[in-house]
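All chains are identified by letter, namely A, B, C and D, in their written order; residue positions are counted from 1 within each chain.
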């Protein structure tokens, strides 16, 4: 039997795939991928062909013996996989556009991890991911599930809580983006920066930050109070923290914290932007069309630079370094979403957290944090509560539970608005929420 | 030496005092008060005289040997006290009016325990209460401090954390109001109702409710989904929960939960009301004037019924039953603010919580709760974080800490608005916040 | 239908039964027992008749309308019971004698809750109690199971962990004996003594002790350092603590603590006693014979005073006050074995602990303790670990698990001796341990 | 200023020093030591000269620019140190001999970390180490304190609890010895073995063990049930576990576990050995004399192989890899004694534990364990309680506290024997226990 790794990517037709392929090419020496299976559904067949052929050209150009398989047969793709990565989007960008547009009518943010957008993306995604887990139990019980699909924290929580797959890691490019941002801020190479991360997906804080092992947090906080320096991730522009707030918070924030500490400004900004240029999904839809046009070019055999505007900066970096460290038992430290197990006090042990971990062949082992600073303990728990109850609603299809999840979300202005949004969004996403409409014929993603 | 109890009431000139006196009269058999010392400051002298004389007439009418002492000398009043009750208001109702009016300009709620109102009331009150604690250490080290002054949770937290007085209980009429409300809802006598309370002051939940020891929670939840039945405390009118929300929450809420689960409606309602009839402080100012006119009547020797509109319903009931149970080592169960010590998991052990306790001569001993339901765990911790950081700001006089406290409050729309409100309110309350203006001559309450 | 309570006593032929009956008679006003079902197995039929007829005569003499039913049909007895009390002994006193004699050969204590004796009593008892629980689920799902059968902590742990019966309380006369002992020590009436109990069954400490609500712990510790004053329970005579030890421990101990803090003396004493007068079981066997002779007397219609030497002092008191408080929703405080739920930090929440509880119609609600003093935290956890692993061995019938349980018991001198004792005792108790001998025909108690 | 590291070794005259020097020589490339200060007290002057001169010859032979300073002036040695290592022995081996001989008279083990031996070594050592900490605060506040002095767990606990030095690590060669033992058992190179360590010093368990990242625990447990394979550390010979015990324990044990799970055998073996060849201290005294004779040889310029029989196998390895990883911010994983901070649930957060940590320039960061397996949770807490109370006794000089510490130690047969041993040992070690004899002139080590 040929030695080497089998990687299966669910949602392989995604515009992100060339990122991932580029990563596998770059790191082939450490991570000898033998087979890459790109899987998609019927509706994504055309994109799968386009992006899959680009992937083949990239690998051919690199002169590497990686086989690329394109398929709509998920079970065939999963069989004996070593790593399963998920980057699918139930309902495609069209569903995301609804996640954004509908809440705005009620003056509420519809971002895809936060608030109603995140709730409904979770409700659509979790049943599919649990189905994949069932297949994995049967077809590749020793594989690692590396989940990129948002809301990544809620999805990881659901897998830990409702599936038998324990080898699951949720991955996000926000922490690596924060490292890159800090590196740029301090004008040092990324490799010299280390951050102690703790929190949840899209709600992660940097407890301390080091250059060459020496803490530089005080210096960074000082620089961060300068409103021109707070933008780390291109598609969530920083608005500039109040110096008094960030000094006393004394933590590194992630871009998504703007939604919680600048709620009013963010929603106003998003509504304005949606009017002027369309919502993020609508913008991305356009971008993607252009990208796929580029991908079609039979002479293209590299990741086109335009992909970087798509928003997944460092995505390939994060994915490949995680898979490589598991495969090689490297023992380096990376921030991932994994079971808490006591790393963060006051978050339940069985819940998913995003935290700096040692990455070994046995998966991520969290470094102990103790407790989060008192100022953020409540907010982090509140988002965790939202994630847990949303995951429960996704599994049970219980209407009241969905209303509860949205009502306790700190971005929701009232229980009544929560109920109204749930009503309208359930209707809008009906096709992808069979668990809420049990009498109708279920339509699965 | 004559046997009997010495009670010292700080802020004795309050319009509430006749409530308290009525309670002492009613319960004299169990709680033989020998001396009642009503203390106030120079600015409250006139009111102290009026209300103190009414108290004397009430006691005389009852034919009881309780001595009433009226004094501006706090230290004399504290000497050898058995119980010290606090019901003072630094800056009087005029300060409360500012707490309400200023935040409204920024579209933010200015209630006296929640949001900026609560923060600034705490900043004014905590230094005074810690001063009283220092006097108590010296003059009545074995006395119990029974605190009614709002924000009662924040004040109790501050006493536990920053003073040497460990015999402190924070008391509120909200839980007893919830019992009364449920009794009315079910049309049974109050004495037959028992609620398992857990949470924080003005953020307390009923985990279960019993009639004659049998749980009736399901029935109550059913009745509570009827919008006409949610109003328990007169001065915070319920708006009616969404049935889907309250069914899945599956807890009894308190009236203040409206601020968190119906934020938008509440602030709109309060702004409208402030325009039409004035803020609550302004309304109460008027009510108080009328009350003191009544109190002056030398023929009045009972608590006038108009006092009940003032908002302190069951205040006397709660106070007297607590003091009596401590004095008599009764061992009954009452909801009070005390040190958590593990009763509510995930709230720090050394923090104040509002929880059902066995009341003994040693004070309140909390009944263990385990953990709060997942849906409310985050919000409760968030308010606890707000209380702790606000208490820290009150003690240190640190500007950044005050901004942090307000920013993390879930009612605050952004860090910038937090900073702007802090700026304006610090200026407005300057006279009562010497810790923030150290160069000026300190003016103490 | 006639109102009143149905009580079912498993092991009704026990010599203790007259105690219990006396209690029901005394407290009939508060606790109107309508039916008392005494159940036993075929082997106990004669004793059941004798003691059952005495019970009938006692009730007749008292002139109360309590029906006494004697039966070997456990299921009939359980049907619609309100309270099920268990006081049975699988293998009778003959088995206990083996529990005591065999370990002695290895120089190890064979007491019926501690060490190998407790382990094997648990192995015999737990399967039977879990059988009873299954019957209760079906026949009296709302009944309370009040377990007196030793090892009561291990049995309660097993019921909580391995059955669906959640309404279970483990009860012991040690705490009430400690109260009585302290009352005698201080020469005050028992009703004036209150102790804050925390720990495990037969490993319970008094954290504080009060007379009329005032702590008298210092005084008691002083008196306890007097070697003549440490004996609280007749059949476990105190040996007198080292004053330096008990002063720094600063807790009230129970008689069983002698086994852990005076291991060497206790085992020597027990071996000597066994030689001179027989083991405790052998002594009790003789006592019981005499008791049953007395019970047979058709003129006897009271509990004979000789029963008090049997060792179950205050047993009836403890049982009846617990049942009464549950029945009447009294809300008084009693020490019982119940689910920890956070009352004692560092003991798992789902484990059984012995702790002061408020007793309501909903059962016992523990008063929060925080953490045990550092000096005893390890020992208590060690016994809890023993109980849990022993319970697991009882359920699984796994040999290695039984050896592990005994090896980690602090009274066991080595893993090899543990293994040897397990081997010999498994053989000796074969008949009552079907789970360990699955190929043979199971013989159930 | 010349770049490089200053290392200060307290107790530099120890026979172990050549080990350490050999390590610094081997790892000079990664760890460029510029100055090595060997400090000792007047009584150790001669040994310091001998071993110090050997160190100089070793370094000269290696051709490295490391300056060796020999001094009795501790303060000079500490000034600006980067790392302070402690390997001193208050009272020398003569005191250790008493620690061993006296308890034996009472049938109790007198090992230098366990039981009375460990207690008294702690009582003598802790005041000295706290003195060193005070000097460090003043003279080298940024230095790391690497403590090898036994009882290393108790000493680390004392430093964390009673000094201001937070940069402290306790180090032991037991874990590395376990790794080496497992490597030998499996016949693989040490570098391929990884163990998840958790517990306390000399009470550490291997929760899992890996070869090349794959768990081999099942295989190891199988091999360990073979009595010929359990000896890991030369001077504590394994006695062979009962297969049934170790299978159900399902953990790797350390050699010191024999004292707890084979108490009887170990004490008998130690008493026999003491009779035949002398106690360990007496044997080592003889060994040391021979070693120092060897060290004197001016032609010796390497660590003599006879040192390995002394018992400190892998000592240099452990020390140098720790210091190197801190110095180079390596981020590898090593088992050390550090503050728990939640890594091991149910051990207090502020206590010292021995646990696998990521080693960075900021020191060790524990990898989260969750909770210890139920079977060992109690024993580990019991030893932790012993360590904490012993540390308290060392600081306060309180007699009762010392008796309490020894009584709760699981190796102590009774409170009376504890008291008798404390009495005799206090007298025997009087000279080195000034805190217990305040009236006499204090004699400090």
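Please note the rule applied: contacts are C-beta pairs under 8 Å (C-beta built on N, C-alpha and C of every residue); 3 or more make two chains touch, one makes a residue touch a chain.
Which chain is which protein? Per UniProt: A, B, C, D = 6-phospho-beta-glucosidase.
No experiment lies behind these values; they were computed from the predicted model shown.
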Repeat of the A-D interface, chosen from C-D, A-B or B-C (over half of contact pairs identical by residue number)
B-C
Farthest chain from chain C (6-phospho-beta-glucosidase), comparing Cα centres?
A
Could you grab the centroid distance between chain A (6-phospho-beta-glucosidase) and chain C (6-phospho-beta-glucosidase)? Build each centroid from C-alpha atoms only and quote it in angstrom.
55
How many angstrom lie between the CA centroids of chain C (6-phospho-beta-glucosidase) and chain D (6-phospho-beta-glucosidase), rounded to a whole number?
44
Multi-chain touching residues of chain D (6-phospho-beta-glucosidase), meaning two or more other chains, are none
Please list each pair of chains that are touching.
A-B, A-D, B-C, C-D
Chain A (6-phospho-beta-glucosidase)-touching residues of chain B (6-phospho-beta-glucosidase), taken from the complex the two chains share:
241-242, 244-245, 247-249, 261-265, 346, 374-386, 388-389, 398-401, 403-404, 407-408, 410, 413-419
Complex contact set, residues of chain A (6-phospho-beta-glucosidase) against chain D (6-phospho-beta-glucosidase):
194, 208, 210, 212-215, 329, 331-333, 341-343, 345, 349, 358, 360-362, 365-371
